[in-house]
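Alright, structures below, take your time with them.
After this come two complexes, each holding chain A, first together with chain B and then together with chain C.
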Partner chain A sequence: MPKKKPKVQFNPGTTIVAENNRKICDPSCEIDKVREVSMDDVVLLLGHRKPGEGIPTVHPPLDEMGEPPCPIRELVEPTPGARAGDRLNYVQISDAYHFSPGSPYPRARKYFSRYRGVDIGVLTSRTVIEMRERELEQLVRDELQSETFDSARTTLKGITTHGVAIRLDQDGLLFDALRRVKYNKEKKVVMYVKDQLGVPLDHPISIGAPASEENLKKRALQYHRANIRYSEESEMHLAIERMWQLAQLMGMNPDKAAGK
Partner chain B sequence: MAESRKLGEKKLKQMESERDDLERVMLESVSKIFGTKDVKSETGDIYKFEKLGWRQGKSKREYVESASRIAKERGIPHLNPEIARVKTGTRQLVPYFVEGEYIEGEGFHPLNNAAIQQAFDDVKRTVIIGLDQAHEILEKRLCKEVTPESINFYLESVQHTMAGGSVAQEHLGYINPECTRDCYVKVFTGDDELADHIDKRYLIDINKLFPADQAKQLKEATGKKLYEVVRLPTMAVRAGCGGLARRWAALQKAMAFINAYNLTGQAAISDFVYGAKHADVVVMGTPSAYSRQFSDNEPYGIPGGYYADMVQTLRTEPDKPEEYIVNASCIGLILGTQITYGFYMIGGIGLMQSIGMYMSGNVVDDSVRYFMEYVERHHGGACGVRPGDFQRIAEISKHMNIHMQERWEEYPALMEAQWSSYTRNALMREMCGDACAWATGNADIGRMGDYLCVYHQRAYQGRSGWYSYDSIPLYDLASKWTMRPEYGIVEELLANNYSAVSPQIFSGAQLSTTFSASAHAARRDAFCVNPLVKIAFADPSLKFDWAHPRKCVAEGALGKFMPEGERSPIIPAQ
Partner chain C sequence: MSEIKVKNPKSPLKGQVGHPGGRDSRGHRIQMKPGRLAEHKVSLYTDRGKLIREDVPLSLLHPSINPAIRRIAQTIKNSSFVDLAGIESILRRGDLGGEHCRIPGREFDLDLVKNANEIAAGIREILSTGASDDASVELFEGGKILLVRVPSSLSGVFASHDGSRMAAAMALGHAIIEQFDLPFWQVPTLKAALIGRYSSSVDLMGGKVHHLLKESTVLEGPGHAFRTIPVNHFAAITEKNAMNAAALAGTTELLGHLESGDCYGPYELYSVLTYVYQSLNANNLVYDLVKDNRAGTVSDVAEDVIARAASDGAIAVKQTLPSGYKLFLMKKPALWNAYACAGTLAAVMVNVGASRAAQMVTSTMAYFNDALELRTGLPSADALKLHGIGVVWSFYSHSIYGGGGPGIFSGDNPIIRNSFGGFMIPCGAAAMALDAGTQMFTPERTSSIVGKVFGKYPFMKEPIKYIAESVEEIRGE
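And now, the complex of A and B:
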């Protein structure tokens, strides 16, 4: 009898927060684009190289290296950056606790399910992403333009990332010890005045207007007592508690888990 | 399963009233710290002190002034915040509200806090040695008579030898007694008749120090054996390490036997030493795994259950289990996590700050009372839940998780006062686990409640703690119940050596201390895992107050705690 192909499931839950998380995880769902950012601006914000400069390489192009026979190499198609020998580089994205449209775990799920050659670290406040440089730049551009990035509640912080649990400043911006972003009251947009490492930019880069609180609540990936409360998400609780119980039973004695 | 115990309506009402006070004080403190009445606002004038930067902090100003003078004196640069790329004090540098005092973060670094140092030194310098084996050698092998009088004379002799005095050689140098004023030996026994004959200066009197029901249990557990508790000079373990303790104790004890029983350098002497070093000795912790390279009586191998036994609040205030859990939380935090990871493993300053954050604002006090009330009203009180009842344990952990998280969401200024996310997450883990341990009287179930909390945190906030913070709950959940060394272990015996938790901050002895304490407080038994440790730390001669450790730590942070182990007697006057 042919085996039934399992249906991939993403994130349990019935609320809008669960729905948003499913959308982020599921690569077949399209993520909304909310602003336009040029690649030159992305390069400036990352601060790894200057626009127009070539990407430094750490090894010759793979095609010139004459790699040894290897089944894994045959199986895995190199990304363009890997094929060209790009150096690996990083970005760190910091999400405010107070209604940021992203948070570290959903970010990791999003990038793992949509990009290749990505290495992600998840912490309380930040998501650190390492990739070959050209792919990294593309990911950052996609991210800056996407609905999971809000100009006020999310910041590119290559260093000194802490402060997501601090109250927002008077303009509603995420705290930043290096003051990389400023709110332009006239244009009503957030401007980067420093790159992700805190090095001043030659000219400010606009990253668009902050979303309204109401809009951010609709895009939330986190539960919150002032929005969708975690206590409302009973399907999630059931899934987690089942996993928790079965792991214990299976570890202690697999027979105990029979039929559960 | 332990017997279910209700706190009773009277106690519940008292705790409710205390919680009202705690919440009011918590919000007042946050309001005062930030200079705002609106502690519910998500926004604030957070950069208003940016121009002052590090100068906002009184300690920082004093330290920089001192460092500048020292740099001139020694000709080498010293502490200088002006060279830092990231300026300290971009936002308001706030103090932490602990034990009714506003304390700057500097106060919680072990090098700035003599109380934390003393707590740690007290653990490192303690060894418990059984005397019965030595007495047997004296009686059976050396045909000496052991009497209460000879025991008392031995105890007088051992005070002399332990403090560096010689008894068998005529030309040895002594140790300055001002450096060893905290070095002594005391004994205890479960035999009341024998205890009556011991000179009271040397006796840790179980009957006097413990409430009657606890004393009865402890005496039964101790039996007729006679144990001696050796306290090395604080300075000895500071100059050496915890591993020195049993070696020092063994040698000096053998010398005291020579003096007390008129012995000579015969082969039996080595048996005293062997007994004290190996055969009949309880050290506070086992040596660490090879990669960490710490000896016994050092932090890696000290089990959480031992820390929970060291804390004496349930002895001095048996009707306040909530205070005992709060104090055990403090000891677990400063010794189980901060000293082990923040000081020994990582070094530096970063992690030490979290002692202040963790204890700030009476959040621990309030949360402990909250879960006790909740368990009493909904789950039959302490030990009211069967340890195998997954559904109720899951319910308790989830309820506590949501309660704590939503409080921070309701008061963003409180969240800012406890601004480190991993600290808040650890606090949630602790309270969820404590609640489950309290409900079942079982510390292992506390650990399971804690692991479930991490699962929920990840789903709730989309974040947990540092890198791989949730990895331990993922893999240890399945292996914990095996109870095979290296794979699983009884919670009370879990030290930072336990392989599953050893790489992860906040996961090890800190949590096992508080889960063990919570389960023990729920059962209302006399000790958590080792009765000898419980009795040894009931000793009133200790400078650190093990019944009120958090108060001591706050005093230490304010520079009001006088420790032992000063070098002033042997250095030029300053």
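And now, the complex of A and C:
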């Protein structure tokens, strides 16, 4: 549940799923932190560079290269990564259909409301995030520590994301053709044995224990026939149906949509 | 309809009643559009948020009326630019007809750049239609580049923009033949240097006489010529000023839609209103949105746009649902679309400005509009089309299914051309203007000649200012 009432409306709906979606879109609501991940581990999991290495640049720092006179450049402050000329890099987060605490569209809404200078690609079951590298690392760390990332139902998959379908393996982990994660039955935690690109890590990185099914259902961002059905969300149906009707009307004659 | 006197001091009609049926500064007869456009008035601001003109009726910003927009259209249609140094180089090497094509034995040396002044004079003489025509040939970079402008009297009788390019190419050819006394067996080689592999190819492949618009033979559809200018050209011409790049892009897109039959009937107000709000910074909306959210996110801009649209009477609350969600209705659909499109551009400026990386433009377009839809229950920019095109453009500009960066896309691209009124390309132009050098296809790499040549026209370099000021040429006192 949101900790305080949002000032603006984010989406219609009366169910817990609608509430959860409102919560992640509202930057004034804090997202719960469920685990601790070090920045070095984040760098290792991304696999773009080694911890301690400098971030390669694609252009000189903005202060050195100078910028052409432009009112928008003068108004909008560049992020630290942009100012330094960091290369742009990516992470890909794959979500299970089966009660993952995140899903691609809500993820895009979350990052676009909480981060500056972010580029999100929403695809089937996976979300690509591209940013200046230092901001990307911070975002991934925030994400790995947040309640919208479950160690079993969500995986960092830079490549070979396909095949998620509705399958979970015998340990309840999201299907992964490259077997990047393994369940440690003794410690009852999920360990990354490969980085997001499928390259084996020198030592496994623990990402914490999977959440229970009941807990995941409470945190759901997507409608599911075994949890909150989409058909139960009558407000959402009303809003979306109306939006599409008006769009069709505007495609024929915008004036006909006046007052509707 | 009130009478309007021509105020332009250069106009031969100064002081006379110029409206309706007045003339612009070049003596062209113009017709004031009656009807709904005249009823809507906006204030025009500079790219830095300073007021230029108040209460300007939209009818004066219609491309068929506004003198500066007409100048932009005429300049683009009538001008060709010649890479003279390139012609010299390919003749020397025999590199004819585009990439991977070299014809040994056809090489010959001509000192074209050294003789650029004489060649320019020759072209001017050939193209001249009389002592007072407006034909011109200008030299850039010591004669390496020529800008050839055919006289309006000539282009006026052409059916399409191709005429100015072919006239420039043939005038150049004859001037070179004359200047160097070329033997006739070298003329076909020269022709291949000027207009490339045509007519073996459909376009003028490998030719060094260029035009901003693509050849009619390769257009995506009837009237699509003005939509063939790549995004990078707008950034280069305006010297990477994001507001002006968006304005120039919006202007040519509107011209393209006008020509392809998209801006008539109920869509006239829809297109022109959105154009002035999104591209011309009408009522300072775009600048204000960026200024107020300079440290904010895409979501903050969406929130701001909805609040402004509600307070300015474009939308209103229809009903409150049980969860407390307020369902909106459109009181003025065209104005709501204008706010949504202006907001999309502002969101792109805020997000791309923060990262100084143009690739963000596509997803910003998509999810800014997603936010508008979810928060109001109304169709977002361009009746949901900007959302869809943002998603598709993401796919094709991020090397997922090939393609290139946003900078080399143009409005007529078959996968993205369906956005009405060209509300998408201004966003791309602003993004490429704000890019700090992260793209493979930068304006410096793809459009440096275009930038140098067309950047010399102040009304193309600073269209916001000149379009607003040109209103005085036709407005009443």
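Everything below uses one rule, namely that the second predicted complex is superposed on the first by the 250 of 260 C-alpha atoms of A that agree within 3 Å, B and C clash if a C-alpha of one lies under 4 Å from a C-alpha of the other, contacts with A are read in each partner's own complex, and residues count from 1 in each chain.
FYI, a contact is a pair of C-beta atoms (placed from the backbone, for glycine too) under 8 Å apart; a residue touches a chain by one contact, two chains touch by 3 or more.
All of these numbers come straight from a predicted model, not from anything done at the bench.
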Which partner reaches more residues of chain A (counting touched residues only), chain B or chain C: C
Which superposed partner A:D40 touches (first chain B, second chain C, both, neither): neither
Which superposed partner A:D63 touches (first chain B, second chain C, both, neither): neither
Contacts of A:S231 with chain B and chain C, given as first, second, both or neither: first
Which superposed partner A:A177 touches (first chain B, second chain C, both, neither): first
Touched partner set for A:D32, first chain B, second chain C, both or neither: neither
Touched partner set for A:G251, first chain B, second chain C, both or neither: both
Which superposed partner A:D169 touches (first chain B, second chain C, both, neither): first
Touched partner set for A:R116, first chain B, second chain C, both or neither: second
Chain B versus chain C as contact partner of A:Y105, first or second or both or neither: both
Chain C-contacting residues of chain A that also contact chain B: 105, 121-122, 240, 243-244, 247, 250-251
Parts of chain B lying in touch with chain A, wherever the complex brings them together: 41-47, 85-87, 90-91, 390-391, 394, 398, 402, 405-406, 408-410, 412-413, 415-416, 418-422, 424-425, 448, 451-452, 455-456, 458-467, 469, 474, 477-482
Complex contact set, residues of chain A against chain C: 8-14, 18, 25, 27, 58-59, 62, 65, 67-73, 75-79, 81-82, 85, 88, 105, 108-109, 112-122, 128, 130-132, 135, 235, 238-240, 242-244, 246-247, 250-251, 253-255, 257-260
Chain A contact footprint on chain C (complex, rising order): 47-49, 239-243, 265-267, 269-270, 287, 290-291, 294-300, 303, 306, 321-327, 329-334, 337, 349-357, 359-360, 362-364, 366-368, 370-371, 373-375, 377-379, 383-384, 391, 394-395, 398, 400, 430, 433-434, 436-438
List of chain A residues in touch with chain B within their complex: 21, 95, 97-98, 102-106, 121-125, 159-160, 162-170, 172, 175, 177-179, 198, 221-226, 229-231, 233, 236-237, 240-241, 243-245, 247-248, 250-252
